[in-house]
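Below, chain A partners chain B and then partners chain C, in two separate complexes.
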Partner chain A sequence: MGYLRLLIQQLRMSILLALQYRLDFVVGALLSLIWIAAALVPLVVLFSQRSAVAGWRWHEALIVVGFFTALKGVLDGAIRPALQDVVERIRLGTLDYVLIKPADAQFLVSTTRFELFRVVDVVAGIALVVIALAYGGHWPSAAAIALCLLLLFAAALILYAIWIMVLCLAFIAVKVDNLSFLFASIYDAARWPAGIYRGVVSFVFTFVIPLAVMTTYPALALLERLSAQRTLSALATALVFALLARVAWLASIRRYTSAGG
Partner chain B sequence: MTILSDTASVSHAIVANDLAKHYRVHRREAGISAALRSLFARRFETIRAVDGISFAIDPGERVGFLGPNGAGKTTTIKMMAGLLHPTTGTVTVAGHRPAARHHDFLRAITLVAGQKQQLFWDLPPVDTFELNRAIYDVPRAEYRQRLDELVGLLEIESVMQKPTRQLSLGERMKCELAAALIHRPALLFLDEPTIGLDIAMQATIRRFIADYNARHGASVLLTSHYMADVAALCPRVIVIDHGTIIYDGTLEALAQQLRPEKRIELRLTATANAPSAWDCGDRGRIVEREGTRIVIQAPQGVVKEILAQAIDELPINDLTVADAPLEEVLGALFDKAAADRQARDPDQTADTGKSVAIEKR
Partner chain C sequence: MSRKEKLFAMVRIGFAESLAYRGEFLIWFLTTNMPLVMMLLWMAVAKDGPVGRFGTREFAAYFLTTVVVRLLTGAWVAWQLTMEIRTGTLARRLLRPVHPFVAYACEQASALPLRALTVAPLVVIILLTLGTDLFSSELSHWVVFPLALAGALCIRLGVMMTIGSLALFWDSALSLYDAWLALFFVFSGYTIPLELFPAWIQPLVNWLPFRYMMSFPVEIVMGHLDGRQLLVAFVYQWGYALLFSVLALTIFRRGLKRYAAFGG
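And then the complex of A and B:
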């Protein structure tokens, strides 16, 4: 219960910050909408030429784009700002103040900053999925929706775990800007159904950076085409990533050397 | 080196036993070619930032950590606050091993570093206070009461509602202290809390720290470059140089030991220049003679006789008798420590000091 209260308090700080800079909030939200529209262009172009790509029809691929957009909102709104903040704190040495607080340090650093205007991406992503379902004309069962939500949660967990591990590298390397850019551009590949990737790329996107698990599996769940085996492997992957991230974090805190005199 | 027994930790607030912290750092020469070379073959060296120190501090004690930059003061404080894991040795703070970062331990301490801030830059300090209230789980009523006390003592009523970025350095420092004390810790680690502040603000902060110590019986560990801070706040000082303790005791005893002589400063009437022939015999030594000013250094026992002679023979306008300045006492201590090191290990040059071992990787 204590941590829930703390989370609310941290959210409150982010809301106060957003209110402090209202113009920034509005501009950010507008930019998000423009980017979502721009991201739809390649999909529209592709499906104007052919009716299906790697077994995915237009409205099915749109579901993947919808989840990609919503998860991007979660990543940019709830995961990346806080963890970029930590990199800055490591550089300046002010992570000291987080580490002397009587609460789990990973929890504190992970909840320290939210970019609230990214809610726009989450809402727009969900809207895309609803539009796609309406276009397909087949509404999923309650069980399929529940499974889809569970898989989306697992996807967010994997994104979070990858970011924590990138952050852990910052304890050693101090500057990880390029690594975070690299990850951001790799994540872009999750806008396409995983089936279009072949060979090595397919292997990497399933096991190393499990993009397939992130957006394609929830879409398949919603279309009631995801096997039980794949569901379990997705959940297991999320669990393994979360545990790895925790271990990496604890090891990093041990070797934290602080900065400044 | 004295090794304190384990039972001692029960009654002490802090016990350090042979505590050491060594860092491996990457080192390269200046310039592009050296930087390129270091991309492939990095040279590492081990720096003994803290090299086996032992001490015990009682609850309610105020102790000053003194030493030149890089002496190991901050590293010691960070080990006591649980931020750094000691390389060897042990430290017990409030009955806990700090590096374990047990929540009971973290509730008992606080850290204020003059060079680093915890206040949210874009929000008023009161929002950071509120966040800390939630983190330390301080009940509302108690929070109100503590905040009122801190606000009253630090006089921050009017500033704590303004965004931190609009505050002056002094106002911000006072708010930093308030944010660090909301949970009423029993142990204060203060790392250069008055750095960059003007004289009046330094005095305000000092008064506040002394007052907090008296009210709540909290132990205070302070590092500062301002001797006035240490002299005013800390009956006991621990002097660290090159990672080892070279003095632990009162400032008075240190001055007695190294500079036992008193300083007598005479100012003559404006028209009279100091007669170059005047001296006080072998009772004392004249260390300065300039214009209307004469400074004499002499043992405590003969001060009265010298004063009597001076008043008799010179047109005196004003006079003061004082101990040697603290900076000078410490300077003498560091010189002595450097000479001792040189004697022990003649290979080491006195100025590069830090014992290093270079390896290649």
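And then the complex of A and C:
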């Protein structure tokens, strides 16, 4: 219960900060929308020529794009800003102030900063999914929606775990913000249904960086096409990533000697 | 030192700097993967039959060449300029007996050898996996290709300096560049070969500056353009390069008048 209150407090701080820079908030939100529209253009052109790509029809592919957009909002709004902040703290030595607080350090550093205007991405992504479902004319059952939400949560967990692991590298090599950019650009590949990738690329995106699990599986769940086996493997993947991240974090904190902020 | 020697010295410093930050450059090199993501998508489409003149191999050639052009004509000046304006380090540049834009251009030029070197393996991979038959066999195309690359780079630098100079008036000028970049993604051929756009949009695409920053050099080496089209495109390209250079210089001069540096 204490952690929930702490989370609310941290969120409140971010909201106050966003209220202070209202124009930035509006500009950021506007830019988000422009980028979402820009990303849709190639897809519109593509599906004006073809009715399906790798077995995915227009509205089905749009669901994947919607989930990609929403998760990108979560990544850029709730995961990256806070962890970028930690990298800076490690460099300056001010991470010590976090470590001496009487709460779990991973929790504290993960909730220090939220970029609230990214909510626009999340809302726009969900809107895309709803539009796609309306276009398809078949509304999913409550069970399918529940399963989809569970898988989206798992996807967010995997993203978070990957960033925690990148962050752990910051304890060893100081310059990891570039690495964060690299991972963010790899995530870009999750915007298409995983079926279009073949060979080595497909293997990497399924087993090494599980992009397929993040956006394609929730879409399949919503279309009621995801097998039980794949569902379980997705959830297991998320669990393994989360555990690995926790272990890596604890090990990093243990060997951290501080820069004497 | 003569004027020429000074310019040469600045280029040498820039080259040393680009070597010092080779790690960052490599990461940037690796993050330029949007065309690759698009390539895989379009190749999946072309598996069921070609789109226009593009089959799977043509799509691969097109997007890989796009990556090469992007890496050779990339620049940071917009971020550099806005940061130097915000932190006040621009003041140090203003003291030097050379226009800051000339200095930036020199830095850019001096990074080119390293860029070419990093791109070389990619070019080798393209030629080994795809062969040479997908590319233009006309010598004249290869002769004007560097000129088209230079034009593309000049437009980019001009736009970046224009938007960077706007930071003298407006703190969040960089968000303007972000919007510009989104338009670039759509209309430059970076994510979709421009000729696949519907016919009614083609005049707009040819009229906007974006095509001449990316698609145009790619179209040249793929042999898509005849002599007349080539000439018209070159006029557009260098016209835009000139336009943005003049715009950047004007805005910069105006902005400097009201600029009060923060220490530096």
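The rule is simple: the second predicted complex is superposed on the first by the 259 of 261 C-alpha atoms of A that agree within 3 Å, B and C clash if a C-alpha of one lies under 4 Å from a C-alpha of the other, contacts with A are read in each partner's own complex, and residues count from 1 in each chain.
Keep in mind that, in the parts below, contacts are C-beta pairs under 8 Å (C-beta built on N, C-alpha and C of every residue); 3 or more make two chains touch, one makes a residue touch a chain.
Keep in mind the model is a prediction, meaning the values are calculated, not measured.
S.K.: Now for A:Arg254: first (chain B), second (chain C), both, or neither, which partner does it touch?
M.R.: Touch partner of A:Arg254: chain B, not chain C.
S.K.: Pick one for A:Ile100: touches chain B only (first), chain C only (second), both, or neither.
M.R.: Touch partner of A:Ile100: chain B, not chain C.
S.K.: For A:Leu108 in the superposed arrangement: first (chain B), second (chain C), both or neither?
M.R.: first
S.K.: Between chain B (first) and chain C (second), which does A:Trp139 come into contact with in this model arrangement: first, second, both, or neither?
M.R.: Neither: A:Trp139 stays clear of chain B and chain C.
S.K.: Thinking of the overlay built on chain A, is A:Ala38 touched by chain B (first), by chain C (second), by both, or by neither?
M.R.: In the superposition, A:Ala38 contacts chain C only.
S.K.: In the superposed arrangement, which partner chain does A:Tyr3 touch: chain B (first), chain C (second), both, or neither?
M.R.: neither
S.K.: Using the touch criterion from the header, give the chain among chain B and chain C with more contacted residues in chain A.
M.R.: Looking at chain A, the partner in contact with more of its residues is C.
S.K.: Do any residues of chain A touch both chain B and chain C, and if so, which are they?
M.R.: Overlap of chain B and chain C footprints on chain A: empty.
S.K.: If you look only at chain B, which of its residues touch chain A in the complex?
M.R.: Against chain A, the touching part of chain B is residues 23, 69-70, 74, 78, 81-85, 101, 103-104, 106-107, 109-111, 113, 115-118, 120, 122-123, 127, 130-132, 134-137, 163, 191-192.
S.K.: Give every residue of chain A touching chain B within the complex, in rising order.
M.R.: 2, 5-6, 9-10, 13, 16-17, 20-21, 92-94, 96-97, 99-103, 105, 108, 254, 256-258, 260-261
S.K.: Under the touch definition given earlier, write down the residues of chain C that touch chain A in their complex.
M.R.: It comes out as residues 23-24, 27, 30-34, 37-38, 40-42, 44-45, 47-48, 51, 172, 175, 178-179, 182-183, 185-186, 191-192, 196-198.
S.K.: Touching residues of chain A toward chain C in the complex: what are they?
M.R.: Its residues touching chain C are 23-24, 27-28, 31, 34-35, 37-39, 41-42, 45-46, 48-50, 53-54, 175, 178-179, 181-182, 184-186, 188-189, 191-192, 195-198, 201.
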